[in-house]
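Input: structures, listed below.
There are two complexes below, and they share chain A, which is joined by chain B in the first and by chain C in the second.
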Partner chain A sequence: MPSATLLGQSILSGVFIGALYGLLGLGLSLSWGMLRQVNLAHFALAFLGGYLTFQLSGRLDPFATLAITVPLFFLAGMALHWFLSRYAADMLNTLLVTFGLTTIIEAGIQRVWTADFTRMETHYADIRWKIGAFYIPFTELATLVLAMLLCTAMWALIRFTDFGRAARAMTEDAAMAAAFGVNEKRLGYVISGLAAAFAAVAGLCLALTHTLAPVQIYAWMGVVFAGVMIGGLGSAMGPLLAGFLIGVSEALTMAITAPTWAPLVSFSLLIAIILFRPARF
Partner chain B sequence: MRISRRRALAAGGALLSSAVLPSFAQGKPVRIGSSLPLTGPLASLGIIHKVTAEIYVENLNQRGGLLGRPVEWLLRDDQSKPELTRTIYEQLITADKVDLLQSPYATANILAGMGVAQRYGKLLLHTSFGIPRLAKYDMQFPVSGSAFDPENVWPNLILDAAAKLPKPPKTVAIVTSKFPSVHHISAGAREVLKKRGLQTVLDIEYEFGNRDFGPIASRVKDANADLLWGGTNGIDPVLMLEAMKRIDYRPPAQVHLFPAPGPMLKMPEAQGALALTTFESHPPFTDDPAIAQFVKTYGGRAKEAGIPYTAVDLQSAIMYAAWQVMEAAVTATNSLDDKTLAQWLKKNQVKCLFGTLSWNGPQNYVEGRDLYKVKQLQQGQWKVVHPQEWAAPGAKFI
Partner chain C sequence: MRVAAGFLVFAAVFAAIPFLGLPAFYETVLYLLLHAVVLATSWNILSGYSGYFSFGHGAFFGAGVYVTAALVAQYNWNFLATLPLAAGAAAGLGLALGAIVFRVRALRGELFALLTLAITFVLATVMLNKVDGGPGIQVMADIPKLAPSASGTLYLLMLAIAVGTVWIARAVFYSRFGTGLFALHDDEDVAEVMGVPTYRFKLAAFALSCALAGLAGGIHAVFVSYVTVAETFSIALAVNVVLMSALGGTRHWLGPAIGAIVITALLYGFTAGQAPILGRVLVGVILIAVIVLMPEGILGKLRKRRRSSKPKPRSEPFSNRALTAISGEPILVARDVRKAFKGVQALSDASLEVRRGEILGLVGPNGSGKSTFINVVSGHYPADGGSIVFEGRQLVGAPAHRIARAGIARTYQIPRPFHHLTVLQNVALPPMFGQVTMDRARAEEEAWRWLEFTRLADKADRYPAELNLHQRKFLELARALASRPRLLFLDEVLSGLTPTEMDEAIRLVRAIRDQGATIVFVEHVMRAVLELTDRVVVLTYGKAIAAGVPREVMRDPQVVDAYLGTAHA
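Moving on to the complex of A and B:
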């Protein structure tokens, strides 16, 4: 029987990795749910954000790099939206086009930073607290706080502001929303920019907590996709809550049974939800 | 006939240069074809093989090439994909009409290339085939220095080394990736551990590409074994050690089969880690001036190519050995005929940069022994510590 410490530490570990799933899923969920764009390049952007953080961290504090990467990525997100709108790409085509873009970004990363593993050296990695029998690493806690802040802020933005009401109306019925004066084009640019900006923040968290390699872009796709689908397309809090669910389930699977079963967790959860709550999809 | 002073000087110069300068190869090139993973998941290793082979071929051509002819190496990017490797080797033989084949990288890609080589009756040297029992083709020859039964030889080699640690282990925690070759070795290790009377207190497997090592680190900490047996490769050991650091745990002793050498260097938690190797850039390996020169040249070229870890180790050594074996066989037989070369290899030995290779055992391997060594990370440097005859000068187990 696993000890209480093992279970507790594993749950904490699941919460932390779940926060990263949620943060990665936030931008994907917005572009998929509100703009009908299945943006696979979101993962490549997040890794590009991680590499830029690594590059800039030689001169700046890793958190200060957000002042550069977030506006830069916001513009990149707007440019991507312009490109996809210009050619009126439907949902399937956005998937194909952004997959192509992913491979281009991956090749670019490989060209600049090589295919080898890259690790950002930071003093933050040495900070951790012990509370009772449990350890709380700073980098993971920062990821959790950033994920909760951004998801809550985005949820509030969608729920309580005119921007959010317009975005929800556009998602519901774009033509009718336009008739009521919603500027669909401008809204699309802002949402796409925000989604990419969230990728920049996820990139910082990836660089803080993980070793980077271009090929790892693909390792996150399956689980984050499952999280976004479980959490609900277009939802801001959904991917985070689904991320926690998946992260903790995976961690407990690894702590109690064979770790080799862990990758099955996210898709098993997804299938179970499709079976028992098909109305969500 | 009157010879002008200029002509006389030119002729004298030519004679002198042929005597003291390297002899450059002439005539129709010997075409040698291969693929490497220059993109995709194995690209970080493919580039090491590429740089190594380029240095070797340059040097070979300066020494007169093969059979007095220059060597032309045709390299294709297989994108780390076995299906593409198969197509490339088919093209190299049928369209490019290469004289000889050189090794692709990694078990699956070598297996793909081996099938094509077998269909066309071509010799295939290979550098990195993890499951020897699957190599059934009569004209395939391993140059990695691995035994036919690495699942038996390597665990014994590592445990022999671990027994020399300041605190020899009695209990072991096995954490192994399901990546085929390291998984195969860890399966063998379970039996070897039993036979040697060591107690396995934890035995878990995880999928290759695992993102979160937190719960695994907690289980290792909970098990509190004397030795962590990491059936790991690539970046996994680093991720695992980082996860352990977050919960303030460091295994008393640790083995990682094939870690990416660079990222571990700076990690205080990785100091003392044991791993397998065939070659490290220190004496006695570098006692041979030609090898010392290669190590020096590789360092510069690797830096130019953006390879973070610029010392020659297992990866570059096996590629270098592949070319040494090819040169030795062609030179000895004075032939480029695949069957002639294969017959010669079966009956002879080749001294390479990490020992003497031979192929007189089952499926062109040797059984029960090999040329692998155990290295240990000491003060940011990988040093061979076992067996003693290959140990770095003054190196002691820590």
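Moving on to the complex of A and C:
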């Protein structure tokens, strides 16, 4: 059994990685739950965001790059929604089309930035605090704060505004919502744009905390999708909470057994939920 | 016979290649093509036929690869002896996953796709930790000498498996099993109510699909001779397989094979031409283009509409005449049936009896539980409590397909035809899964009879989308009749019909009863209820409040209350 300090540090790193799961899951959950689009390309977009941040970080502060990537990705999200709603009618087709898009983006990244691992060098990487026995890196903390901020903001938006009411109505029954005056087309563009903008922020966090490589796009899919399914489709806080759950469970698994066993955690949690709470689906 | 000969000639021609003394290059390229054919075709048996898209085909293939690799390299097994185990391990994995996933009805499409995607990562993790250990496994197998060279032998093995796989895919396609899979692809609930054992069929298709992938994996382990987790459990394989099948056409047994050849040739051309990145982009572009432009695939686009001709009936027209007299003996007894939907009590202790040979009208205001009653009896919804006994058999708790087999059929208020099956195929389905299970030819013969009965014979080759509402209602009727039920539930077959169409429908219902079926008739059109029924049962708030001869029951003050409210004058 590892020491208490090691366990504590594991839990802490689990919370940090869980925040990134939640941030990646947020956009996925919105487009899946509200627009009935399973957007696999979300991960490729996030990595593209990471690479763009890396590219721009030579001239700009990494956080300032958001001023460029977020509007750009918002437009990309709208374009994607236009294409999917026009050409890929059912949910399975959105999944296939975005799978195709993923391979294209992946190949594009590989062409521009090569297949090798890339690491963004910033002075932020050197900032870390020691609280008690635990280390807290600034980049991880920034990820956590951004994830919590965005998820909470999105949750409040869905919960308290007219936009949110319309979105919830659309989630439940799009045709009926439209019949009652919800402009579902415009709403769809906004939601898809927001989802992609969240991918841009997730990209920044990826670049801050991880090394980037094109094949890594696929490494996140299983875990984040499991988180979204556990957290609930269309929910803003669900994926974040599920992300924390998965992140901490993984970190503890790594500390107690071996790091290579971590990928089993999210899947086991998902299977357990399917078995014991099938009504959720 | 002609098809069997075709398969044999194909196999014989390609089996000769290793003996021609060509450079090994040809064997290798052909091997890769066949390997893709096996993977795509096996994937399609589950995913194309039944509509459960698996993104985990790489995992089942990988299971086969690693079983053979580990047994050969670490335990010195004979390579051929490992193959059944490779197939078995993959099938077992599929069965275990399916047993969990297929239990949840809502887990259709995308959730299944993502879960199977996840199993790839899980299996990769387990293999890395438990079998591989990191660097990969060197597979040095003693390859039996079936051909002049080792690569020739592997090519022959893969050829045998490819021909076998396509043959199996074709056999399934035309079988009762395949018909059931295509039906559940379109509407799983209705398929189950028509007698298709959906859970078992899905499991069987999954296991078969996985076993073939595992078999291919076992041979591939020896072909590549050095296996690593990263190469084996790649997402690319899963994507390519989906792409190949979608390109060739998932609704045809040969589609995936054709797609596999096209895509593999393209990819091979690009990797050989030093442009692997471009090849990947191309795969993505083709995938998107196929979904957008050719959702039915190459074969789906090319396939011409088959003209069916009515066969000469071989059997006597069906009749239960001996049973026609209303015997008074109950055929179905429902006692205290309860069903609630999130607090709304749709049926609360509903009790009623259906007598053999009668037409029983089930009436009541909207929301009184008539349709719910049908849904519960037919097994579409499970009852919360109570008992329903049909000819001495308890139906509560029985799966819907068993209820169909016991001799109960139903129509849906809003017609729910199988959209990708022709009218003839729609009607031929229930006889294949009814009380007596007929083969396809017999079932189609039976279907023709009911198409003529409902005057749909000239629409036999159309798809349901091409029918108008009146014809769809009659299709619904023909489909319910084709299983020759002893008890038939008609859920508002008349609603939305014009007066003339209604007369025809009333004539049909009479004719059905004259052939010996007992009918429960749910209807709002009072004229039809009075004209047709021998008895009526009135439901309000999920309870049967009156039963008897129509004209008398309609004067019962309780019934008047239920429909019109209490009189206060």
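By our rule, the second predicted complex is superposed on the first by the 280 of 281 C-alpha atoms of A that agree within 3 Å, B and C clash if a C-alpha of one lies under 4 Å from a C-alpha of the other, contacts with A are read in each partner's own complex, and residues count from 1 in each chain.
Throughout what follows, a contact is a pair of C-beta atoms (placed from the backbone, for glycine too) under 8 Å apart; a residue touches a chain by one contact, two chains touch by 3 or more.
Here the structure is a predicted model, which means the values were calculated and not measured.
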Chain A as common anchor, with chain B and chain C clashing or fitting: clash
Contacts of A:Phe99 with chain B and chain C, given as first, second, both or neither: second
Contacts of A:Asn183 with chain B and chain C, given as first, second, both or neither: neither
First (chain B), second (chain C), both or neither touched by A:Arg119: first
Touching partner for A:Pro263 - first (chain B), second (chain C), both, neither: both
Partner chain in contact with A:Ala107 - chain B first, chain C second, else both or neither: both
Partner chain in contact with A:Thr152 - chain B first, chain C second, else both or neither: neither
Chain B versus chain C as contact partner of A:Met229, first or second or both or neither: second
Region of chain B that runs into chain C when the structures are aligned on their shared chain, from 111-119, 165-173, 219-227 or 291-299: 111-119
Shared contact residues on chain A - chain B and chain C: 107, 110, 258, 260, 262-263
Interface residues, chain A side, partner chain C - complex: 32, 38, 87-88, 91-93, 95-97, 99-104, 106-108, 110-111, 218, 221-222, 225-226, 229, 258, 260-264, 266-267, 270-271, 274-275, 278, 281
Contact set on chain B toward chain A in their complex: 39-41, 43-44, 46-47, 178, 204-207, 209-212, 214-216, 218-219, 221-222, 234-235, 238-239, 242-243, 245-248, 260, 262-263, 266, 306-309
Residues of chain A defined as touching chain B within the complex: 2-3, 5-6, 9-10, 12-14, 16-17, 107, 110, 114-119, 121, 125, 128, 130, 135, 137, 140, 210-211, 213-215, 219-220, 223, 247, 250-252, 254-255, 258-260, 262-263
Chain C residues touching chain A - in the complex, by the definition given at the top: 53, 100-101, 103-104, 106-107, 109-111, 113-115, 117-122, 124-126, 128-129, 235, 239, 242-243, 246, 277-278, 280-281, 283-288, 291-292, 295
